[in-house]
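We call the chains A, B, C and D, going by the order they appear; numbering starts again at 1 in every chain.
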Amino acid sequence: MSGYFKEIITGLKSLAIGLQITNKEFFTKPITLQYPHESVKMTPRYRGHIELVKDPQTGTHRCIACGMCEKGCPTGCITVQAEKREGVKGKVLTAYILNFTTCSLCGQCVENCKPEAINFSNEYNLASTRREDYIFNLLQKLHPEGVPEPEIDPELLKKEREKKEAAKKEPAKKAAAKEGGESKAEEKS
Amino acid sequence: MPAEQPQEAAAPVEVQAEGEGEGKPKPKAKKEEDAPPRKNGLIETEYAKRGAHLDVQINPDQVVSAAEFLDGEGMTLEMVTGVDWIKENQFEVIYDYSYTGGQLLRVVVRARVDRNKPDIATVCHIFGGANWHERETWELLGINFVGHPQLEHFLLPEDADFFPLRKDFKP
Amino acid sequence: MSSLAQSQLRETFELNIGPQHPATHGVLRIKVVMDGEYIVRAEPILGYIHRMHEKMGENRTWNQFWPNMGRLDYLSAIAYNHCYACLVERAMGIEVPERAEYIRVITAELNRIQSHLLGFGAYIMDLGGFTPLMYAMDEREQILDLLESVTGSRLTYCYFRFGGVYNDIDDDFITGTRAFIKRFRPQIPMYHKLVTGNVILMDRLNGVGPISADLCRKYGATGPVLRGSGVNFDVRRNEPYGVYPELDFDIPVYHECDSMARYMVRMDEMVQSCRIIENALNKLPEGPVMAEKVPKALKPPKGDFHFAVEAARGTFSMRTVSDGTNTSYRMRLRSPTYSNVSLFEEASRGMLLSDALAFLGSLDPVIPEMDR
Amino acid sequence: MNELIRLLAYMLGIAAFLGLNLAYLGWVERKGAGHFQRRTGPKEVGPYGLLQPLADGLKLMSKQLVVPTNADRPLYMCAPILIMVPSVLLFVAIPFGEHLVPREFNFGLIMMFAFASMAGLSILIGGWGSGNKYSLIAGTRAVSQNVAYEIPMLITAINIVLITGSLDLNEIVRQQGSYIWNWNVFRLDKSILMPVSFLVFFICSLAETNRTPFDLGECEGELVAGYHTEYGGMGFGLFMMAEYANLVIGCSLTTVLFLGGWQCPFGLFPGPHWFLLKMYFLIWCFVWIRWTYPRTTFWGLLNLSWKYLIPFSLVNLLLTALFIKVF
């Protein structure tokens, strides 16, 4: 019988303690952050979608279009388009397309990138009802007012022209090389 | 820990007893680097390298007695894995046993079945947990666990008529 | 168990709990044959979020499989990262720098606290109390902020790498973690006062859903379920990996075998995780966080490898069969919830519906991890 | 004629009072829940989210009424109305002030209980009519819950009737003097167990109004949404409103029976404001309890009823009878 009353008293006590705690919480300040009106500061390491890094020296990206990011991507969401231009060393990036709908933000591309040309952005306010809005051209994002033309190295240009002329002498070879190059470019696009 | 000692001593004995029909088992067989398939028997593997202490290969008809024996030793069936060895035209069923009662002991029991007739006895009357694992292995690889109470589709849709983990599966 | 439930003469009906149901925490479906409010048979049906991670493991290179590890158990993703990293390191024989090991443990334990917090909150919400979930969410947000400042993501972490971690932790993280623990410690007694001591909750959990240690063994149940049944087994202690042997912590074990015991194991594990983190922060050495010689194109030797870690819900282990190429030949993921929930059918027989759902909640299932 | 005008005026008054309460109790509950949970609650619609009930109401009303295929159509349609009607009707008998009673019945208490138990029936109708197994389970639960709780509730009410010798609610209030120790809660001279009796009645009214921790009929963790799983739009809205109407009724009844209705605790300015103050305090307690405790099980509920509440109320009844006989 005493157990019966003890049970009631401990039970009621536990209920009262619970009420006390919620009451205390009632008078403390809410911790809610009213999101659209105010927002938290993103940490520098936040992984948004990837972006091309602007090199402060050249004022443009560092991408050499090696395609390592494309190869390393688990979901195949990166497409790098590049072409060979006269008088420019290496390949020239024409478009860097990220399909963010399939990106899993793992960071393999960033890690694989030797020249450190890509990095995670801090953008988190992405919302849209259209799928196409998430297919970014990162090159365009980096230079919204138009992509600057790569500088032409006159010496290299001269060398290349010379080479071409030398190649002209062997027309068969040249034709084959050109064809190969074209088909490759087509594949990329 | 008391259960640990007999286990170590008993396991080779068990395998020898079971392997009699198969010819002389070779405990401590060399780690096979060569092409010929591994012979039945027990290998003491290096835990730090492989993640298991004992590695036993047995005939498919011995998995039940192996499970019974390991159950008697108080071991747990951790998972059942099926592997499709398409080159050898075989399926391998790997049973991972572990001991949760004290000192660590992990035993791998493996059995190979013919790929054309993949029948292997179920152990789910011994380990209830094997039920789901075997069902999954059946579903994804098509290894038929004879005597399993409920070989129905589980993770895949009910009308799936393919075995996605087989190496010759084309989506 | 009622005699009614056993009687064959009674009329029964089928009830589908799920795939969309508040108590199943996701898309688990339980087909229940009921006799009034008593359960005659409850059969979990899986596969509503099955993504075939094991096949992905066969198609993707070792490095490309990383993001999958964040999407199995999205609540304790770092433990899964840990398992995969250690598995491949074991296969390749890569040595991990000391500092990276400590960072791994710190983040994994923070992740464990976070997971248990949500588990606690969601469990109480299953039982009808909404407020503790919000308090737990408050604490959890702080952990997520901390982890975000290191890993860059809030939920599906892809932070570990073979041979170390993606990036080093900074002083802000260390002070932030210390401050969090200082703030979090007194919260746990508050939870106990508000929730655990509550007579209504005790009435609901004590003696509900008994699972004997032997049943756990037969079904391969691990983690808090096993420890709530009086078995002192924790991979961190019994099969130590990382720097866990050097750290000082206890394994909470309860012998009551009921839902309350499992709940208490989780609550006590949070305290122990705090201890581990503080301990690890004190011992944190200087040095690099990545091993120096990790090949870009990984090709582990032939053979099969196994690794197990203690995730928030139990033993998560992976077995991989490598054929020496840059993808694995077979990747097997053993998720703890899969085994834990497989005993539901046997253990829930003859229970009341409300007890069965309290029992299911005490198993703390995470469905994406179950279905893989 | 005068009487008719008076009644009409009261009807309008009740409608206004009820409408305001039903709308804003929802707001109070959400705001309270928010602050209990370190959140802010509704905030965006209007200042302090005060226009939120309007927005909710508009949304509910603009929704299409869908009748599930399996539903028993007439029952499905009439259940929300059936649950609303008695709760509105009951306001007729509540004495808000000494002279502010829509209609003084000399059997007000009986009418209260008679109509209050209709709620259980309409929940069962809704649960059955929905043609959903969850709803059906919820319906049966709600009925057995009501049956279990009406016994201790009635026994405690009989206490009051014994003490006052009247079933008229206004008379019950009038007899509780204008000082706090004269209220029925503290009438220790009539029975030393009166505070316990109040507690029993309070718990019973929690159960009667299907509030947490006794919301077995709609426990969302198990039965999705219980008896109103299949209801959408205004059908659901009516169920929600009926819950708050029942809340107001339950708290009013507790106030009348135990807390001295419109009487002032210190004998100053008795009137409806005191009544409202006490009633809203009780409602606030209901909200507070809802956002603190988890839910009991069905077993726990019956246990509580049969092991604790009914014995206590019976003992109290005996004591009261004894005290009245002896003194």
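Everything that follows uses one rule, which is that a contact is a pair of C-beta atoms (placed from the backbone, for glycine too) under 8 Å apart; a residue touches a chain by one contact, two chains touch by 3 or more.
On a predicted model such as this, the values are computed, not experimentally measured, just so you know.
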Least step count from chain B to chain D, where 1 means the two chains touch: 2
Pair with more cross-chain C-beta pairs in contact, given C-D and B-C: B-C
Distance from chain D to chain C - Cα centre to Cα centre, in angstrom: 43
Distance between chain centroids, defined by C-alpha means - chain B, chain C (Å): 26
Length of the line joining the C-alpha centres of chain A and chain D, rounded to whole Å: 58
Residue numbers of chain D (touch at least two other chains): 36-39, 291-293
Of all residues in chain A, the ones touching two or more other chains: 15, 18, 21-22, 25, 31
Where chain B touches two or more other chains, by residue: none
Graph class of chain-chain contacts, one of line, ring, star, complete, other: other
Chains grouped in pairs wherever the two touch, ordered by label: A-C, A-D, B-C, C-D
Of all residues in chain D, those that touch chain C in their complex: 33, 36-39, 133-134, 137, 212-213, 215, 219-222, 224, 291-300, 303
Chain D partner contacts - residues on chain A that touch it in the complex: 8, 15, 18-19, 21-23, 25-26, 28, 30-32, 34
Contacting residues of chain C [partner chain A, same complex]: 60, 63-68, 70-71, 131, 135, 138, 145, 148-153, 156, 158, 161, 166-167, 190, 193-195, 197-200, 202, 296
Complex interface listing, chain A residues touching chain C: 10-12, 14-15, 17-18, 21-22, 25, 31, 40, 43, 45-47, 72-75, 104-108, 111-112, 120
Chain B to chain C touching residues, read off their complex: 33, 48-52, 74, 76-79, 81, 83-84, 94, 96, 98, 100-104, 106, 108, 126-129, 131-132, 140, 153-157, 164-165
